[in-house]
Amino acid sequence: MINNLLKGWRPALVLLLLFIIWEMAVKLADIPAWLLPPPTDILKEAIEGWGNFHEHLQSTIKLSLLGFVIGSSVGLLTAIILHLIPMVRESIYPLLILSQNVPIIVLAPLLVIWFGFGLMPKIIVITLVCFFPITVAALDGFRQTPNELKHYMMMAGANRRQLFWKLELPFSLPAIFSGLKISATYSVMGAVISEWLGAKSGIGVYMTLASSSFRTDRVFVAILFIMILSLLLFLLILLAEHFLVRWKRMEAERK
Amino acid sequence: MINNLLKGWRPALVLLLLFIIWEMAVKLADIPAWLLPPPTDILKEAIEGWGNFHEHLQSTIKLSLLGFVIGSSVGLLTAIILHLIPMVRESIYPLLILSQNVPIIVLAPLLVIWFGFGLMPKIIVITLVCFFPITVAALDGFRQTPNELKHYMMMAGANRRQLFWKLELPFSLPAIFSGLKISATYSVMGAVISEWLGAKSGIGVYMTLASSSFRTDRVFVAILFIMILSLLLFLLILLAEHFLVRWKRMEAERK
Amino acid sequence: MSLLSIENVSKRFGENEVIRGLSLDVKAGEFVSILGPSGSGKSTIFNLIGGLLTPDEGTIRLQKESIIGKRGSISYMPQTPSLLPWRTILHNVLLGQELQGNINREKAIEMIEKAGLKEYIHSYPHELSGGMKQRVAFIRALLSPQPIILLDEPFSALDEWTRLGMQKWLLDIWDSHRPTILFVTHNIEEALFLSDRIFVLSHRPSHVISELKVPFSRPRNEELLLENRFLESKRTIHFALKRSNRE
Amino acid sequence: MSLLSIENVSKRFGENEVIRGLSLDVKAGEFVSILGPSGSGKSTIFNLIGGLLTPDEGTIRLQKESIIGKRGSISYMPQTPSLLPWRTILHNVLLGQELQGNINREKAIEMIEKAGLKEYIHSYPHELSGGMKQRVAFIRALLSPQPIILLDEPFSALDEWTRLGMQKWLLDIWDSHRPTILFVTHNIEEALFLSDRIFVLSHRPSHVISELKVPFSRPRNEELLLENRFLESKRTIHFALKRSNRE
Amino acid sequence: KEKDKKDLEKVTVVLDWTPNTNHTGLYVAKDKGYFKEEGLDVEIIMPGEAGADQLTASGKADFGVSYQESITQARVQGVPLVSVAAVIQHNTSGFASPAEKNITSPKDFAGKTYGGWGSPVEKSVLDSLMKIEKANVADVSIVNMGDADFFTAVKRDIDFAWIYYGWTGVEAELRGEKINMVYLTDYSEKLDYYTPVLATNEKMIKNNPEIVKAFVKAASKGYGYTIENPNEAADILLKAAPDLDEQLVKKSQEWLAPRYQDDASRWGEQKLDVWKNYADWMFENGLLDKKLEAEKAFTNEFLPE
């Protein structure tokens, strides 16, 4: 874990290099700031505008977290139902895949009509964005439970519930966590999109305002924070995984 | 394969049922058509409007296919480079993940400003949407090449190139194909989004026009075709897989 | 009086007739082996006893009661250790009891210590060698409350050196606890070295072609394997199998 | 005159000294076995010969030339068949030649037919049984142009019955082609049954504790395994190993 | 004829949104060959999500459809946009609400819910209007309704929203939904700004004034034709954008035709006062960082005499 963080110096270096090139390019080619602001400008705006920005940030964080928790619960629940009832799986699973191809922006007005402008439609949007990777990952995990372990449990007299709680669920925790990692980063994107459905504050709102008043630097500040937020959420899940599925990591380290 | 298609009757039935419920709900609750048109209206519009619509469809198909081909090539190439040069992998891979968190709609204006209205910015958008699943899948495939096979090849005197072309690449074909399947469906969504970057025809254009002139039925026709298109592209890749990685399928059938 | 008795059992999977008219019995406290070629249906017999499959014909009785289709009435040790990787050794050992509902933690700890795994009691399975994992799996089976333990080729995945060690260890444990064991193997030496009685199976569709009382006294030790009388017994079984193949 | 000679080779991985001062040689046309407990460094020896590892000390010569760090100078058959699942049997067999650059299709077809795999020539590996796959892997090694074949416990993953069949088949093939073979195993019976000479390895750090000329004439058949003189040789090696363990 | 085409100057114009009746003049000028007469080969592009102003400013497009409000904000941020013609002389936008809500003047806003898109301008405009009738903007609950359209929004939670009567209002008529309008121009002169306008960038004006002149001339002719023949003009728009709803376009065109030029001496005329007033108003309301140099934000010099 700490090892992994330390390994991060190389990508960090590349990132720094990219920023320097960007800064130089903007300065040398004399690109106007409203077209592509140099990184230093973005940083300056991020610091100066903080007082105004942090409120937006806060509400996006709240929304992402709430949406992520609900979205991933829905995802996990869906996976469990699909797993335990094979008939439902066969009839619904292909449709779930199809559902991922409905452009969310098109659904937006319908969601507003049905659920108004409150929290509900936003949570639905984030859920739509979030649940799928978890469902897929968890289903894969359940299915990949080694046959030998299942066979042993059945021979030893485990019933369906014991089989699920004592074997299939713990076995698929690592898979579920990889699903969670993907969903976590998506949830930030989902929150920003959902804010376009009408919100009073949030990075999505901040971004539209910034772009409509030609503050490109602020648009980039928004992008910057979206990325940071995604990364933080990802790290959070990594941390949870670190403590919850110790055995898998230790096993991997052995190899 | 044919088996799988036949199995599709169950989801098809569920879908049909959904449509019937939808139709009934709209009729019974007397929902105005501009709010949520009944499926029959959508179908009618799809048929009546075909003469005008098929042009849009064609250009989206062309764009998706082109974007998909370029995007997946870029994805595969990236994977190969990252795989063969470990230092590049370590420094770039985390950044690639980060790149997936930049909201494309935010990048759009910049892309148009940098690359104009031609094909270029659209292809870039589709590529951004498409390349990642393939890169991840291919990298995983390369890495999961069984050690015993690698060990044998090395003992038998294979050099790096032989190792890649004769072992790692063919071994990861199934993984690459699962990446391709995801990318294929994304590429349609990507094409529609990219059309919002300014295009003269395409489902994306049709959809904005429809929604700005309050023709909800047409918006649903657009959604319908996006889904059909995604599905067709998915099936196309499935077909290609069917012929190219025979061995994997036969192996799976054995089990 | 037999603890487990299988009478005239037959089983087919579609076209594939695996077992035809098989009968055998195990007395309380006995160590009985089933010896048969690969694919002769040994695991299928265990699945029948364990209640995962039901026979097409015949009866299976444990302590006079039919256990056809009844799961959990026997204790089982599979070929691979099948330990749950997220449980410590102690919790793995307790699993068999847990599924049946009553847990005896002290006994488990005692048994683990006796098996020489004291320092591993809170370790995870991946930290153990193959032989150690099999020991844990055996203790798990031993601690389960059921009156008979089925062992399905528990040592065939181990390398020869470890396997011999495990066989000796199993003999030790068995000598001190005397559980009733039904053991499956395709290795003649193993069957001879471990058991009181051996049922030799034919090829598919399998039935018992010969029943053999093992003539060696207990406790047995490693040197037995290199003695001439051992080779003699081995030859007997070998030719019995060969004859049945020719039929 | 020896085809392959290893002199005084040592190898350590960090703290872990695996091989210390190991010497052995193989003459052209000979079938030589290395017999050693698990983890004694047998595979490491092969990796040294194959050029994947370089020794810390000592020399490795093939036909008088040092092959330290030189890959592709020997032909290799691993423990698992390691066939490429997307290639037909024929193309798998040709792989060894392909890597070296010259392909002899006719010879390959001939060999496959001789091995009794004629109908599988265009099949894929998953359609073959474990034993068949090992045959293909051996033919692949046999067809590679290098003058010596290394076999790393090729039969230890097979079940006992298939293994015996494979050993007999290997003896047959060897009798008709007489390739030079260096064979690794931890099974005393197997080494005795197959080879001309046996090098017995100690535990880690391993070196040769005894070299043994196998006293049985060729061709050998299955019954040899059940003869008393075979048990005699087995006892000799067993006690040699036991003594070295005690040291 | 091929040769003809080669001699034409290629020019792109980017719309502010999807094609609608604000743009009819451009489509007419293209269809009737007015652009060609001036030596231009014009391509009309939809901006999608890209934002017309940035494209025009950066020169990726030569001309664009914009708003006074945008150009004011843009120029303050150093974006070199210049308005060259006002498409519609007066602000036709206003606050619309379903008739049954009884919102007929700004004081009725109090206690109601306004659905906007989240710009600070909205609150200031509401404030200005309500102050006139001694009402307080604090009594209005402002909700961001994002991408939802007017009809959708007023079905849920929202009481009134800001629309262009020429499009959304006409659609309401078509649907037979009665709405009340509170026009900005009825209450405040400062808020009678130009929307939309045709814009270009400073570089274009400096380096290719003749092209700008030609473009504006042809566009002026196009809008002239539209004013005279709204029905034929609507057909031309529909031909270019067949996916639009025919009824809506026809009716909207009819409504808008007399309003393009309205009381001005010629189509496209812009007054310094309008620019100044609005910029001042924005500045006073804290919507601008700096004062606008209104003289540089627009020009009438390319309009035909």
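As written, the chains take the letters A, B, C, D and E, and residue 1 is the first residue of each chain.
To be clear about the criterion, a contact is a pair of C-beta atoms (placed from the backbone, for glycine too) under 8 Å apart; a residue touches a chain by one contact, two chains touch by 3 or more.
Quantities reported herein were computed from a predicted structural model and do not represent experimental measurements.
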Turning angle required so that chain C lies on chain D, C-alpha fit (0 to 180°, nearest 5): 180
Relative to chain D, chain with the most remote C-alpha centre: E
Chain A and chain B: spacing of chain centres that average the CA atoms, whole Å: 20
Euclidean distance of C-alpha centroids - chain A vs chain D, Å: 52
Whole-Å gap between the CA centroids of chain A and chain E: 39
Chain B: positions in contact with at least two other chains: 35, 109, 113, 211
Per-residue overlap in chain E, given as positions that touch at least 2 other chains: 51, 54, 58, 149, 152, 155
Chain-to-chain touches, reported pairwise for every pair that qualifies: A-B, A-C, A-E, B-D, B-E, C-D
Chain A residues touching chain E - in the complex, by the definition given at the top: 32-35, 105, 108-109, 112-113, 116-118, 195-200, 205, 208-209, 211-215
Contact footprint of chain C on chain D as seen in their complex: 37-38, 156, 159-162, 186-187, 226, 228, 231, 234-235, 238
Footprint of chain A on chain B - complex, ascending: 7-8, 10-11, 13-15, 35-36, 87, 90-95, 97-98, 100-103, 106, 109-110, 113, 185, 188-189, 192-193, 207, 211, 219, 222-223, 226-227, 230-231
Of chain B, residues touching chain D in the complex: 148-149, 151-158, 162, 166-167, 170-171, 173, 245-248, 250-251, 254
Footprint of chain A on chain C - complex, ascending: 46-47, 50, 52, 71-76, 78-80, 82, 84-86, 95-96, 98-100, 124, 126-127, 144, 150
